[in-house]
Each structure stands twice: as structure tokens, then as C-alpha cells.
């Protein structure tokens, strides 16, 4: 049986076969592992992988799983069953494509008004989480068509806080 | 609603009434307590009793509950729903009325044979638990009609290890 | 002695203070906001009082509400922890007026040490070395230029009213001074309504070393050795240790004496910390006094065996300090890692959420001061600290090994933590060499990424969790039970 | 240094040894019996080998099986822990022959110290004070009568082959000697096939004080201070502490020197303990050498900051001992409580079973060396120790307070433990006075019963558990979640 998983944004195919003696054989790329395991409690599995034992801890993370092993922390998602947690993340460019907070937070300031115009990269909303303020910026130039939040609101990654109608003809980022 | 409970072998009636503001009123003897509580996890309740807070921990104990509070350990049973755990305990006389181990243990030695006679207080079986050996004695004089265990068997409180047919006419303990 | 203490704080520090109160037989009162009804510190207290909405200003910074809670519960004293109202002169004064013992220094001491220029003046007068620079507010760039020449560039412009990093400018050469001065004044004016600034010498490569002090009401002051706090990110300490790899016995004595002098100059009472900058030539300069218990106080407790909170309480109750300087000796090496709810893979942004599972490391030489439990929510409103993991070892090398192992044993599911980052820092040669300056993280870990060595294992874990019936195990009444291997694979084999 | 160590033990001590191995980067191998497939020490190891049936003789005492496990896994060394094979000369010798490093003294040292009369002779020759009495086996009651007159009554008759309390008789006056001698010889003959006995002076009121030692292969021996182990029940230590309330600095030096002399006389290598009887007049007498790590070693680690297991491993690897006597200094006070699975309300009978829930105390100055977890079964076959709770405090008084609090925070459901009894002992004036002799429990707690002050609270807990839907919470997928008070009472209110 094949699973199409994503670990730390990296897609990986994992093949699972029955092995001998109640073992499971798991192949990832060209690596094949012989695995046995038991569940110690809801979140705690004890695995033996090619003879070496170890504890792994698994909890829910949206539609994926949060997995902690020897202090390392991973989020693994099932791409065949993508869920609500596939939220937009900050891209490598540093500017996400919507106005959404990077973490669960509270709106500390709204810097624009409905109907106003913004340039790309202009601060539009300040959110605060755990004493740390972050200014969310406009992903492109345009006109603010909706401000969906007010100061004090709790907001989450994926929530679009401000709608901006893109100014298409004179895209400043060209060239 | 009344519960008929037993704590540390002591029967107690506990009356429970709804109080004001989501509180519960619980009376035990002439003492009345105002209680609120929430469940932190399966075994952990956090209670507020007359304004004082505290954690209590509750787990199963046969048909009763094992309750730990501030280092104190209690077994509480519901006398309206007595269960399997109401096992014979060592009596104040020091001699139980059947040949049964005081704790889960392993049979270390069998000191009698089927058909043999025993006097009251004679050692019949030695059981061992956690490096501690205990000799179980005959509760009365009589003839051994059955030896139900062998060396190495795991046995539990309540299991009758040896059947002894009581010698009724000349009860040595009379007088 | 006090019968009941109210702890005007939350999280791990509230629990830590309560732990000592419970040992001393003193009843404890927690306060909590709407966001903290089920917080760990509330469960741990004998009584708890709701004090307001989730925003700190409505609750943990709400002086009226906290004073009302003290009166309602009949507490004798208030322990402010760190942060929130711990260095708020108004709160300390209010307690004084209401005849509630504030477990900390007198309000006038908090106020004078809270003002940067006043503190510098007190220290200069007390003979404590301060960084070359000014000890009066300045509104004239020419005056500052003269002082800057004396101190030598680079220099630092700071707002006198100070706080939160506002109004601070590094000036590397004289040509930059005028613009930097103007912009610092503007920012200070905007932030504090007071544009006055002053100037100190700026040290590029410097350690942050602080000295713990204890002072009773009778003028007896001791220092309780140093802590090395140079490993910082965004000006926030993340790893602290004691002793400092840079501090020699004779330097320790000199810095200790300077800290005692600082405490005496300020009229300090209770536990406090004198922060110094330590230059590579081992010259040191007064930075500020933290007039409260520090976050990192456990490293001092681990190497000295002294319970600082107990001494805070004894001092506040008017007792004489039982410790003599010659009794205070460090032994071995202690390290603290601050475990925040933050995502090291997402620029260390806060990562609030519900802790679905926490397993704390334990064993020889390990202490975890923890403010959460499995099932609790880490709210978005407060400092992201979940716990402080502290270890003690015979030597620095052994302590590092112990911390790495403890971090690997630490399990937190539901929120992200910097544990993987901490492991890499502790295992780095740079950290192990002890050559640690405040730019350590910037220099050695400018663009950290988690390694991928456990990726295959994580994928295997995902699969095995699926196969061993996560859903069924969670739903059944026996989910605590360990299934046998055969059983655990049963569901899958039949599928 | 070793690459891989097999730990020939189980439970808390196996985990404790593995913790240090992991810090040192040494891989660990667990061994387990049929009863321990899911035991904590098995989960904690890098590899695990099944070695036999549940009876100790089939597994943890099965030399062939353990040697086979070493070879199968390629381990370099074996750590025996305490109990089981730790003082078995045959096992140590087998390791020597098979070129496996045994982490402990050489087999001939184990053998000579294991024989009571040989050990007494070695000590007498080495100038170590021994209790007045005989140093040769005796089969003649007249000979013993003469020696008994010299030593003075009461005396103790012991079997030379010794062990397990068999063949021991206290004789209080000369008229009792003949019968006691005869019955001791009979019992010794029956138990060991060797009826020879010997005699020592018996002390009615005496402390059990032991000295930790460390000795490398190069003849360098240090002592690591004393432990007070007088609080015993059925000749089993239950509470240990360091320093001993009775030991003055000069006595400590004298006892330390005696312990070093004992180690040197025996040719001792690795960690060991020299047990002494300490009389009220502060005279002390050699009792025996425990040629292994002691159960109570953590109290020494807590007051000295030294990891004894690390030094055991370093010594076994042939390294020179890095500790000098002048570096070893105690600080503060440490106490250990042994947490057994036993029922204090049922004559402290063993209480094996499944641990449905364990919550370990944690925080400043608290260490819990634990061998179980929630859901594991405590098997009937082995020593009932679940964990050792150890605390450190600035003074004995503070350490006692800390231990009481830690005991109150300790939750173990599913098996009974002596925690309620321990709390009463620690809170007693008798214990707090420090006047502790080996008959302490018999004298002060002859017929202990748990108090009933929490009975009402327990009944309330029973009711609230019922009302807040224990069954539903356990069955639901969200049982980790905290229900709001309204919800928790909902089920009942609708009923």
C-alpha cells in the first residue's frame, strides 16, 4: 500500500508491505525498513526499526500529524486526504499572497480603511501574539474592498483579514 | 440523591443535591460541602470545596475507585453496586477463613497433599510476591479435599488455593 | 511568617513561587484572566480569583483588580514574579499604602532603578563601573558629540525615559551622529512624550553577565554568583548558564563586590540582579538592575543549592538573611534552556495552541519549571514561555551532554518549540568553546534549518500510527493499555 | 570509551544507568524477561534482548542468557545495577573470561567481600575498626562463650556462609548462649550446608551509616561522604539521607579514612559502599562492603553534584579517577524515599498490579528515579520498587519540607504505595529531631494507621468523578480535553 505524504513541505511516497513475523516493511525512496511497534499510550508509539528501538510521539496537527522524535519536530500530512490545515504559509519571497497572520494572534491595529488604496508591501494590519507584534503587508497594489476584522479580534493563519482588489494594468513588480 | 459508599471498610451515606450557580451540595454526616469541579484528564479532577481548591486523582479499583488526594490513598466502593473486588481480606484475628493469598503472588511451595489432615494454623501453601514470602495457614482443622494450584502458578486474593473439609465435632478452637 | 501569599502572575513562575510557599506551609492564591481559567497555576493554588479579561491590561496588569483579590482572600503578601507588575513602582507603592507586603524592593527603589539615567547616577556615585558616557539627559547634539569623542565610537544613543528598545541608535562614526540623534529624539518624543536622550559607549563584542544579589532590611547584602546570559535572540535570552565560561575567581569577586556596591548604593532590599556588560578584556560595566526574581534564577539555585524564592519570602517577612558570603559557593555547572511556544521553522514566530501532549524530561540533575499540562491551551495574549529546562552537571561539558539528552527526552505536541534549535546550538563547537557574545546566534546560526536525519523515522511513525489504530485506541475505554504487537497490527492486517 | 553497554537489570536502576550512558553517547542494550516485555527500561534502551521466563533464575539471574545477549548485540561492557547478578562472583568472572568489561570490582574482590568472615579479616588487617568478636568460623560453643565474655553481652551469632538473615541469633545473656548456638548451627547447616558460625557484639541502639567510595585501577581511592540509612522496616532501608544528622566533620573524616582503608585492604576498584554501625558514643564498626552501586546512591549525587554512574563507567574503561578528595564537598541536605508497590494498610504487603496513572512530582530540588509509566504492570516476580524520590534542600529542615510537598504531589493509581506512611514519618518530631536508630520504625510507628482527614474529600471525589462523567470522558475521543464546569455537570443535571 502506498501513502503519499508531505513532510516539512516535501512530498514523499511511502510504501508499506507486510513483512515476516508480524513485522512491517516500509520503503521510502530506495531505503527499506523492517519495523515492529506497539502503542504505549494515545500519543506514544514504541518502534523497532531495523533492530534499533525508539519512542515516537504523534498528535493531531490539523489534518496532518505532529510527530516528535528525539527532540526533532515534524509535521506530516497525507496528500491523498488534504484537509483544513493546508494553510497558506509565508513564501520564500517573504510576502504571502493574502493578508493573513503567520500565527494565531490578536489584531492590535488596523492601518487602512475600506476604499483606500495600498501599494505593494504597505503595512495594513498589525497583529500581536505573545508580546510579539507583526505587521501584515499588502501582497500587491490595489484598492481595499473589505476590512474583515477589528482591533481585539482573535485571528488564525488562513483567515483573510483584508480584501484587496488588485491593480492589474500597472503592476509595480514588473521589471 | 444518596450514595451508600464504603471508604477504608467504613460505610458512609453521601447525599448529593444541586446547589446554586452550577455548584453541587454534598452532605456527609452533619457536614455539608459546596463543590464545583472540572475534569482535567481521565484520572484528574480539579475540585473547589467550600472555596478551597485541590486536585484529586481517581482510577478504577475492581468495582470501586482508587482515589489519591495530597498523598493520601483511599479505596471507595459503592455498596449499592458491589462487585468482584469485594474480596476476602485478612480479618482482625490474623487468620482468614479460606486459604487465599493476601496479594497477587506466585506459589513458591505446597506444604500439604490431597487427603492429608491439617490442624488449625498449620502452614499449607507458601506464596511469594516481590521477593517476600508468605505462608498461608489452614483456617481450621480438617482434611485436604483439593489442592488447586502447583508451584509456579500465579494466584490472586480471593482465589481459594486449597479446599479443606472442616473437622466439625472436635473444633480445637472451642473453649 | 505569612499565612497566605497571592501570586500576581501566571504560568511557570507562578507555579514555581507556589512550590516554595507550599513547602513553607503558606497558603497560595492564584489570580487569573478569562484566558487562564484552566491554567496550570490556577490548578496548583489553594484559592484562585478571577481578575479580568484576557488582555494583560485588564487582568495581570490591573492593579485595582489584584488589590481587590488580595483583600477578598485575606492574603498577607503579594509575590509579583517577573514581568507584569513586578517592576511597577505604582503597584509596589499601592501595596505599601494598603499594608500588603510586596515581596520585592521598596517602591522608591524600583522607581529610581527603573529610570536609566538615575540608575547610572546612583551607580557612578556608589563606585560601580558604568559604561563611559553621559549621566544626564541631553537635548543638544553638540553636547553629545563632545561626550562621544571622549568615550570613543561606536556609541549608543538611548532614550532616558527608555523601555522596549524604543529610541535606541547605534552610531559607528561621528558623521552619523547628527541624523541618529535627531531620529532618536523624534522616536523618544513620540514614544514617551519626552525627547531627552543620553549616550553610552557601544561594545560590539560583549558578554551579558549578571550577578544575583540578596539583601535584607538590615543592610546585609550578599551576592549569589554570576549567570552568563549572552545567548540571545531578538534581545531575548534563550540559554543561560552558571558559572560563566569567562569569569575567573578573581573577576567573580570583583563583579560580586560591584553588585553589592550597586545594591547598597540603591538601598536595595530583597532578591535582585545586577546586569553587567563584560568586555573581552574582562572590564565590565553596569547595565541595569532587575528589581525582581529573574527568569533564569534556577541556574543559580542549581549551582548553589539555595532556594531564592524562600529567601525572598523570609526577607519580605522582615527576617535577617541567614546566608553569609563565605557560605555561598558554586558547585558544578548549570544550564537553562527557555522553552517557548514558537516555531523555529517559521522565523521563531509565536506558536500558541493546545498542548495535546507533554512529557517532561526527568532524572539525575534535571529540573523542569513548567507552566502547562497535557490538554491546556497556550493563550495568544502572554509571553510564550512554556517551561524552563535546567540541568546541573559536574562540569560544563557534562552539563551540556545532560541538557542535550534532556531536550531529546522532552515531548511537546500541539505547539512548536525551539527544542530542535536548542539541540543544535548546544551540540555546536561554537557553544562548547564557551566563546559566547551577545551576537552569538546572529554569528553562528544566522539561517538555521532543522536537519532532516529523522525524516524517514517520522514518516515511519506516521504509518505505524495509522496501522496501530490511532483512532480506535483513542476511542476505546482501554486506550491506556498497551496492545500487543500482534493486536496493534491486527487492524491493518485485516484491512 | 565503550560504544555499547548492556544493562543486566530492570526497573528504575536500569533506566538510571541508561540515562548516563545516553548522556555519554554510549548505546544501551536492555534485557528483559517474559514479564517485562513492555517495561520502562525496555522502552528506554536502544536495543533489547529477551533473556527468559519471568522467574529471576530464568532471566535476570541467568548468566548464560545474559552473556549470549552481550555477544548477540556486540556490547563492550555490562552494568549489573544492584541486586540480581551485581555481587555474583561467578558472573563477574565469566565476564572477565569472555573479555567483556564488568562495570564493578574484580570477581575475586566480590568473592572475598561476599564472605562475612573473610571480609572481617581483611578489614581487621587493614586497620578498619570491626565490631568486637570473632574472625574465624566456630563450631564449638565453649570457644564462642569465651569470646562472648570478652566482647560483652548482648552478642550476635551469624552464619559464616551468611545471607538472607538465615542463621542469625541475638543472645542477650550467657545463659541463652548454648541454645542459641545450637539452633543457629542447625539453621546454617540446613540453609547453606555449612554449620559454622561466628559471633560479634550486638548493639541495641545503633545507626546504620555508610560511606560511598570510588577507586580507580591505579590505586587512587576517594570517599564521597556518608549516607544515613537507619530508617528501616524489616531490615530494608526505606528513607536515606546525607549528611547524617549524627556525623560531625571530624567523624566524617575518620569514617572516610576508614572506608578508604577498607577499599585499599580489599583491593577494591570501581564504586562501592562501606557500611558501618555507628554507636551513640560515635564509635563505629565495619559491617560489610556493598560491592556495587547502592539503591540510595542518588542522595550522594544530590549533595555532591557528582554522577556516580559516569565515574563507574570511566573507571571501568580504565581511566584515572578525575576527582581529588579535596574537591568532594557536600552541600545542603538530600533525602530519599523508596516508593515500593506495597500496601501500608495491609502490613506493607506487596501490591503488584497495573499502574493506571502515575504523575511524578517535579520542580526545584526534586528528582524521581522512576521505573514505571502509566499503563504498565508491576510484576509479581521482582523487587517491589517503583521509584526513588529524592530531594535536595539548603538545610535538613528545608529538605524535609520539600520531601513532604513532593510526596503530596506524587500520584500513583492502581497499586498502593507507602507515600501516606512516609509523609507521617517525615512530619514526625522523632524524625525531625534526627535521633534515628535502626529500631526507629519499630519504636515510633509500631502500629501505623493512615489518618482520616481526607476521607470526606475522597467521598466527594468519588461523587464528582461519577457526576463529571468518568465513563463518557474515558470513552470519548476528546478525553484529554478539559470540559467546562457546566459541561462536566451536564450529564448529571439531565439525569
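Order of writing sets the labels: A, B, C and D. Residues in every chain begin at 1.
Heads up, the rule we're going with is that a contact is a pair of C-beta atoms (placed from the backbone, for glycine too) under 8 Å apart; a residue touches a chain by one contact, two chains touch by 3 or more.
None of these values were measured; they are calculated from a predicted model.
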{"item": "Of A-D and B-D, whichever chain pair has more C-beta contact pairs", "value": "B-D"}
{"item": "Chain A and chain B, separation of their C-alpha mean positions in angstrom", "value": "53"}
{"item": "Between chain B and chain D, centroid-to-centroid distance (C-alpha), Å", "value": "30"}
{"item": "Shared-contact residues (touching 2 or more other chains) in chain D", "value": "38, 356-357, 374-375, 408, 474, 480, 482"}
{"item": "Contacts with two or more other chains, residues of chain A listed in rising order", "value": "38, 40-42, 54"}
{"item": "Chains that touch, pairwise", "value": "A-C, A-D, B-C, B-D, C-D"}
{"item": "Complex contact set, residues of chain D against chain B", "value": "55, 341-343, 345-347, 349-353, 356-357, 359, 380-384, 407-414, 416-417, 419-420, 423, 450-470, 473-474, 479-480, 482-486, 488-489, 492-493"}
{"item": "Chain D - residues contacting chain A, complex", "value": "38, 42-43, 45-48, 373-375, 480"}
{"item": "Residue ranges of chain C touching chain D (in the complex, touch as defined)", "value": "15-16, 19-20, 22-25, 38, 298, 301, 304-307, 310, 329, 331-332, 356-357, 360, 362-370, 374-376, 392-394, 398, 401-402, 404-405, 408, 471, 474-477, 480-482"}
{"item": "Footprint of chain C on chain B - complex, ascending", "value": "38, 40-42, 46, 51-55"}
{"item": "Residue ranges of chain B in contact with chain D within the complex", "value": "3, 5, 7-8, 10, 12, 14, 16, 18, 22, 24, 26, 28, 31, 33, 35-45, 47, 49, 54, 56-61, 65-74, 76, 78, 89-90, 102-106, 129-132, 134, 152, 154"}
